[in-house]
Amino acid sequence: MGVLTMGVFPGLVGSGCYDFALKLAGAAADKGHVVNIWFSGNATVSVKAHQKHLKDYSTGEKYLVELMEKGVEVCTCEACTVSRGIQKTESIAKIQWNAMHWYLSKIHCSDRVLQIGGE
Amino acid sequence: MKLGVFVSDYKVTVETLDRMKGENLGIVLVQNGVYHAVLKEGGKESALLGKTPRLYALSEDLQTRGLSPEQVDKRVKIVDYSGLVDVIFNDFEKVAWL
Amino acid sequence: MADVKCAFIVQRPQYKGETSRLALTHALSYQTVEVLLEDGDTVTPSLCFVGEGLLGISKGQNAMAPYGINSSEMHAKNCLLVDLDVYVCKEDMERFGITENQLPDADDMGAEKKINIVPFAQIEKIMEEAKHVLFF
Amino acid sequence: MGVLTMGVFPGLVGSGCYDFALKLAGAAADKGHVVNIWFSGNATVSVKAHQKHLKDYSTGEKYLVELMEKGVEVCTCEACTVSRGIQKTESIAKIQWNAMHWYLSKIHCSDRVLQIGGE
Amino acid sequence: MKLGVFVSDYKVTVETLDRMKGENLGIVLVQNGVYHAVLKEGGKESALLGKTPRLYALSEDLQTRGLSPEQVDKRVKIVDYSGLVDVIFNDFEKVAWL
Amino acid sequence: MADVKCAFIVQRPQYKGETSRLALTHALSYQTVEVLLEDGDTVTPSLCFVGEGLLGISKGQNAMAPYGINSSEMHAKNCLLVDLDVYVCKEDMERFGITENQLPDADDMGAEKKINIVPFAQIEKIMEEAKHVLFF
């Protein structure tokens, strides 16, 4: 089994990139791989708790919680997140808050890194 | 180096992939990138299909867009998310999202 | 008492980004805008698909199974159902090899409107006649 | 004097499109024009209160508040906003919450409409 | 129709602007669109500059990118945000963001 | 005790989107990653600018006055200051008509590192030698 780390930068709810990252993480975790997700840039907003799931918007919070229950580690860039007005107390539980070096440290021990940049 | 490059758009503004040598490349078509596996613009297939024999397209993203497996170019292997995980770990040494 | 015509030009594909998707839902909202306007005032969007934009309304989409969301095909059908004028660029249909029967209709929902396949020149004319042009 | 309505869809903090829209709104308001801003899609996250201004991220909340003090009307798409987990109580004060027809109604009485889509 | 089209990227994936007739168009270069006013890629200026005589570039976005007014093509009028407001209301009948 | 090499390939311009900007700040964070790693473990990014990416580090930027943010030029200088290897694609310099003196250095900050102007082939080699490749 391997270690997959994904950096997710664009998007959040409504973005195909975000959906892709969460689905791939789920599939990899289901196969027994270790998965880490780093949110930076606009994607950090996806750590906000109490997302309402509407049928015109893709799955966010619910899926993220399931991933963490499967053992996936999820961390958001603290600076990006607070600059968007989201405080730690408003975050989905168990999401880690850290600086960019968290991502690099996970890269260090990864077999594969998928950096989803774009925009 | 066996680098798997993820292409998530049909029209792209970056030329990095075009410039890389094909011999050690694979291409994974996801999101709107799956149109490369199907469309023949002005009767001409996407240049990506000739770049490498290691081509994959994500079934969920074909399905979302109303594209059936029969429409997909025969050289492209259709994988679902679970299959894609194996491609990432077994078919490539590293992966990158264009 | 005035009608304001708007040209909604969808030039990007659906799903990856959200903006082109929101073009359809914003057009649909023309039905309820009256609640915020004076009596007799209306806003009439014409929804035009050009370039990659027209890829996003093909028949047979299923976004619910993989991603839990409504498809853009369904939004396009809803647009027909509420009598919006929907146009698709003829030259782009030909360029991408998309045939008329790959475009959705909303017959099953009882809609009378059909998607209009028109040359780009006509879409330019729609932009010309509209008071406002919105690209998505 | 005229009426300018802008629809802002991509971005939020860190996005050039968002900065552009706010700056243009400010310049138009300073000249005495009536300005309306509609947030939809990812841009709706910009209504979140308590944004921390860091030097690597562009001005958000502070500038938005100034715009409203100048008389600019700002409205966010309620569905887009709640789907991202942001509740009305967490919003910057005086930002309106409404459905998409708010945008169309402002378009009705506008001399110019600038729809900033993209992404 | 005197439509002012805002171009905010250097490379674009949409062809709508290319296809529109130039006679009643204006082009406003903002954000990374300002590179059209300056760059000569492979010695060749941007095709946008020949599309219409009504060309504008936003000074704040030139400044941000380290581009000086002297580098800007002479056909392009440099305006700041305040000037742009006047362009929007006085020089065009409608505006659109590409 | 291992060093993991990463190729950070910046292929998009700065400012409009945030991702290409974040490439620089993420590369900078290599300085502090040790706090989260075992003794002797390191991560070493090589920061490469190709295509439109290299437009974003030109000299003379001022993003503070109009937009109140630090410029990407300053981030590029900080990268040199902390001894990161920074590469710019020679062919793209020529294509865009950008000369060496339009690229920043960080002499004023006491940096010894300079930006390396190299052919694309060398950037491909950096990707080949890296354990991970990250496009921005």
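Every chain is named by a letter (A, B, C, D, E and F) in the order it is written, and numbering of its residues begins at 1.
One rule holds for everything that comes next: a residue touches a chain if its C-beta (ideal position, glycine included) is under 8 Å from a C-beta of that chain, and two chains touch if they have at least 3 such contacts.
Because the structure is predicted, anything quoted here is derived from the model rather than measured.
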Neighbouring chains shared between chain C and chain D, ordered by label: A, E
Counting one step per pair of touching chains, how few steps separate chain A from chain D? 1
Starting at chain D, find the fewest moves between touching chains needed to arrive at chain E. 1
Which pair, D-F or A-F, has more C-beta contacts? A-F
Remotest chain, chain D as reference, centres from CA atoms: B
Which one of the chains is farthest from chain F, going by Cα centres? C
Which integer distance in Å separates the CA centroid of chain B from that of chain C? 29
When the centre of a chain is set as the mean of its C-alpha atoms, what distance in Å lies between chain A and chain C? 33
Centroid spacing, where centroids are CA-atom means, of chain A and chain B in whole angstrom: 24
For chain B, write out the residues touching at least two other chains, lowest number first. 8-9, 11, 13-14, 31-32, 60, 94-98
Which chain C residues touch at least two other chains? 12, 15-18, 25, 52, 66-67, 132, 134-135
Among the residues of chain D, pick out those that touch two or more other chains and give their numbers. 14-17, 23, 41-42, 53, 56-57, 112-113, 115, 117-119
Touching pairs of chains, which are they? A-B, A-C, A-D, A-F, B-C, B-E, B-F, C-D, C-E, D-E, D-F, E-F
With touch defined as at the start, can you tell me which chain C residues reach chain B in the complex? 13-16, 52, 55-56, 58-63, 65-67, 71, 73, 95-97
The answer for chain D against chain F in the complex is residues 14-17, 19, 23, 53, 55-59
In the complex with chain C, residue positions of chain E that touch it: 1, 3, 13-16, 19-21, 94-98
Considering only the defined contacts, which chain F positions touch chain B in the complex? 9, 11-12, 50-52, 120, 124, 127-128, 130-135
Contact residues on chain B for chain A in the complex? 6, 8, 30-32, 60, 80-82, 84-86, 88-89, 92, 94-98
